[in-house]
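In what comes next, chain A is part of two complexes: it sits with chain B in the first one and with chain C in the second one.
Moving on to the complex of A and B:
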């Protein structure tokens, strides 16, 4: 490993830890700056919902605060928070006490990762391919007609596309289920029928996110491909007599792809935040739904946990991209 | 060839990602398949995450675990009595009767013979004694602990079918309110042989091998995951065996989570649910256009829904000037046109309410010749009148300034209208009506501060929902007792007591009413006190009640019929209330 590369890696790793440190600290402090007592608020909300009408909020709140160290000085709480994080303990949900936040996130995470990763990768590859083809000389009429339409769709928020899709495919045509992760009466087993059911229920939410993103990727790829087209190595490859397909994929797409990969990591944040409402609309049991209900119910520790997971995930994704980049583009190592 | 392999790998990768939920999903325990026609699918009430939490914690009494109101009340647990709130009829279930002593210092409950727990052990007075005493001695996070401790001195079980509760003070309505109303009380009897020796705040009540959670109800839990809770019917249920009742028709009850109004509407359209979460009026009407099998309480709109015992109100903080002035509060009352508010904010789906008396009292306490009803009409509470506003504001020492706003000593009254998000539709029309009447009203931010501020007294006025009288006037009237008042900065113990109203004369009346049973006879001591309390309320107007909350409870007749309705009001139609168990017993397959 060259000293340049080592220095590059050291900087990136430091950056990653700094981002995580700041994220954790901000995440800790913000709920505590908010007016009111989150524990009492959660309990009072429970009381107004009718579930604990005769509860003495003050007494219960005091008991919980003592049990979870929330009555200690802020510095102690901060240190305890870090200690808990190292044990992967994000505290408990006060709206769903005594459920651990980590358990709630662990239950929701696979659904969101499955949905978002599928939608993002689908839109990334399809959009990049279409954008590349659009810029490539001799693109067919079909692609010329399709891509502008997809670009228009990329201007529409995911949740609006989701509502339109539900109306067309679930309410009017009744081809696909309108909501949920599986049929309400499905007995979840590790079998093909359950897998099919999960896939059927993922189609509409996945398409809502993917369709809105394809145009974005196509637009980025088209402009990259246009600059790549004028490069000498393209002319050289064509002069060598390579097939148009080989020139397109191995000389065109491959070189135009690099900025797309950076954008992919950066775009994940937007996809995650945009997907929150899609999950809510589809009653999809992922992090988005969890976050939405936690915000509405002022369940601060769940909000904190979900946001922390998202920030750390994005930071790690960017770090991974930073690590991959020198492999894809040796100039970075210089 | 290379490209084909790449594409195959890509397809495989994406398929694997799409199926990732299977890696994290909790799979159902050994559960048999059952047809949709035999299955009743419900969702919990209100906004909940799209996944269940605490799936392996079935502690009925932990305040933060709503399983009793979500599903246990209609599956595992049963109550000693239920009440049909529409008529006031007491419906005995695990018990056959109760009697309160003449001095109201004790009550005797007689249990039904032949009731058994799901494991075959007899349900006896020892179980009742154990439960009531456990609640009396429980820590504050246990539901009802404070109330049971306030009222219960001791519980005796002289024989297996008799329970005697001795109170610390006269308690003419304890059994009704805590053990029979079938509303949001959630105090089922626990099996002593399971819970004895356990810490009531820590016990999870979940152990499939031991048959936990265990109750006397006709269903047993067969699967609990974050996506579903499945209950199968027990044909050995005591009601079947003793001939008390046939077991309910649904062979299986499935509870699924739903996180939004829109999602619930879609599930109804697709016939994937039969009932549960309420719908917004617009969602209900849109869903009904797609699925004519959907029905609510009333057969016609816009008042589709049913009362839930709550009324939207303006709470005045009596410790903050100028809201401590009764004339000003009356002026605010006369500035508001309730019918218009209901039309604008709720499309006319909710009726006006001059006081927090639920529609469930219409047939008993608010009949045509009822004294209380007459008082409210005579007082002209629901009467928008600018002349009365002017008169009251002048009496409060205010006069209009050059801009037409009410001002005192040259200072304009800055009227901040605050509200929780769940009644935000009222914010704009109320503000406008107040401005029309000369108040310099402005809309407050709809944020999370309303509840802490309501509790601590950091507000002047606040829109809030007052869940009050379902079965007698005292239920609302007691909320203005000064025992709930606290200085500003100290949280009130009870969110409905936000006014911090203090009046020793009023307290004395409420104390008397609490010590005697409710009585609709106009000459009874109770009614005379109720009238006296109402007179003080109408004089002081500590809170302005506006509109009664009607939720569009929605039932799907595609697979199951026999839901309660205004045409067949055998029980109140709210799924989280204990008495919804009677609905489960009344359902019949549609196909």
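Moving on to the complex of A and C:
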């Protein structure tokens, strides 16, 4: 292992821990900057909003006070908070007392991951291909008309595209369901009907995220491809008489593709932010909707838990992408 | 080489130099014009709950219809757009300013200051902004449009810092900086008199990007119901429409106007920033 690689790894690991540290500390500190203790404040707000009438406020409040040692010094509370996190204890929901936040998140996570992974990969590959094609001489008229349109579309927040999609495909044409992850009457089993149901509900949210992103990847790929086309090895490959398709894929795309992966890593945060709202629009049973319901019901520990999971998962994923990257690009391995 | 020279961005998207910039600025200009002029002609009272008959489709007395809570949509749009733009501008100025200062400091002084600023900005860039903003905004008791702008600005400086820092690093190596140093100018003098004027185009360009990202985040927070609930903004309108299932109930005139205005703002900002990039960075324009 060269020293370059070692310092690269050290930098990335520092960054990973810093992100996690910031996320945890923000989650801990901000509610405590307010006067009064966070649980009392949250419960009081819950009461004024009227959604907490069904539960015994005093019992919940006492349980929390004992549990989190809210009368102890701030420093102790902070250490306790970390200790709980290491035990994967994110507290208990106010609104669905005494359901554990961890359980709620575990139920929502597969929906979000499935939706986001599919949509991101779809838009990433389609967008990169289209962008590469666009930079290639003699791109068809279809691509020349389509891609700039998609680039402009990518400037519009994609949860707004989601609203338009619901209106066209679910309300007017009635082709696809307007909301939810499955039919409300569906009993989840491992069979074809369930899978079909899930897919039908995933099409619109997935398309909204993908369409809003294709243009972004096309834009990046196009400029990468333009600079790759100026390289000598492209001229050489052409002079050798290789077929245009072979030059495009094996000499063009392959080289222009690598910086796109870095861009993917940098952009995932924005995609996740937008996807949270797409889930809200579609009432999709993932983390985004969980967060939305928690915000509306002032369900304090659920908000904290979802936020933490979003940030930490993403940080870990980016870390993995950055670890794989030197394997993909021998130029930075050395 | 010949291949690269033949390629050009097709269609109206900037085959002529500056076309994109002009298109973007015109869209923004039209929106700004109506935001400034509009409020003088349309009564704000009409945009308040219960001031007109609810659920009226466009036409007649209501050019854009009215929503389920009895707001005149036209009046609402006329008064909401300036508020949203104002928040974007404030957040853009604060975020862009903070980002530029940090970028200048990191680039000029290097060393551990640079290391700290870079690590923090690189780390924050990868965090989904909405996650942290949700925690901050959710804990503010009295939300207003200005507080919202400041909250969002606190997480929108990183991109500017990165760009400005990279530029300062490259400018620092130029000959005229060496000359200034030999002439006895101090580090701060060099920073403000030699480096900053040359970084200016990048600062202006990233201001456009920062404002755009800030408006995106603000509308997102508002759509989640974390905005200044008592003020008229585009994001709040989306939130109310979503709350009342306007899409499923077929009130298209409730959700379509804010989407159209928001889309225009973003397309305008996007074209401006693409156009400005090419303007500030002619090498990019020639290559494309």
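We adopt the following convention: the second predicted complex is superposed on the first by the 296 of 334 C-alpha atoms of A that agree within 3 Å, B and C clash if a C-alpha of one lies under 4 Å from a C-alpha of the other, contacts with A are read in each partner's own complex, and residues count from 1 in each chain.
The rule is simple: contacts are C-beta pairs under 8 Å (C-beta built on N, C-alpha and C of every residue); 3 or more make two chains touch, one makes a residue touch a chain.
Worth saying up front: this structure is predicted, and the values here are computed from it rather than measured.
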Is A:166 touching the first partner chain B, the second partner chain C, both, or neither of them?
both
Larger residue footprint on chain A, choosing between chain B and chain C, goes to B
Touch test for A:234: chain B only (first), chain C only (second), both, or neither?
second
According to the stated criteria, A:310 is in contact with first (chain B), second (chain C), both, or neither; which is it?
second
Tell me the contact category for A:253 with respect to chain B and chain C: first, second, both or neither.
neither
With the two structures laid over each other on chain A, which partner does A:266 touch: chain B (first), chain C (second), both, or neither?
second
May I ask you to decide whether A:202 touches chain B, chain C, both, or neither, giving the answer as first, second, both or neither?
first
Contacts for A:178 in the overlay, against chain B (first) and chain C (second): which applies, first, second, both or neither?
both
Quick one: classify A:15 as touching chain B (first), chain C (second), both or neither.
second
Quick check on the superposed pair: does A:30 touch chain B, chain C, both, or neither? Answer first, second, both or neither.
second
Kindly list the residues of chain A that each of chain B and chain C touches, one partner per complex.
34, 163, 166, 171, 178-179, 280-281, 292, 296
In the complex, go through chain A and note every residue touching chain C.
11, 14-15, 18-19, 22-23, 26-27, 30-31, 33-34, 134-137, 139, 144-145, 147-148, 151-152, 155-157, 159-160, 163-164, 166-167, 171, 178-179, 222-223, 226-227, 229-230, 234-235, 238, 265-266, 268-270, 272-274, 276-277, 280-281, 291-292, 295-296, 303-304, 306-307, 310-311, 314-315, 318
Residue ranges of chain A in contact with chain B within the complex
34-37, 40-60, 63-64, 93-99, 103-104, 106-111, 113-115, 117-118, 121-122, 125, 163, 166, 170-171, 174, 177-185, 187-190, 194-195, 198-199, 202, 206, 249, 279-286, 289-290, 292-294, 296-298
Write out the stretch or stretches of chain B touching chain A in their complex.
3, 10, 13-14, 17-28, 31, 33-34, 36, 39, 41, 46-51, 53-54, 57, 62-66, 69, 139-141, 143-144, 146-147, 184-186, 223, 225-228, 230, 254, 256-260, 262-263, 266-267, 269-270, 272-273, 290, 421, 448-449, 451-453, 455-456, 465, 467, 491, 493, 495, 576
Quick check on the complex: what are the chain C residues that touch chain A?
1, 3-4, 6-7, 9-13, 119-120, 122-132, 134-136, 138-139, 141, 216-217, 219-220, 223-226, 238, 242, 247-248, 250, 252, 255, 259, 262-263, 266-267, 269-271, 284, 287-288
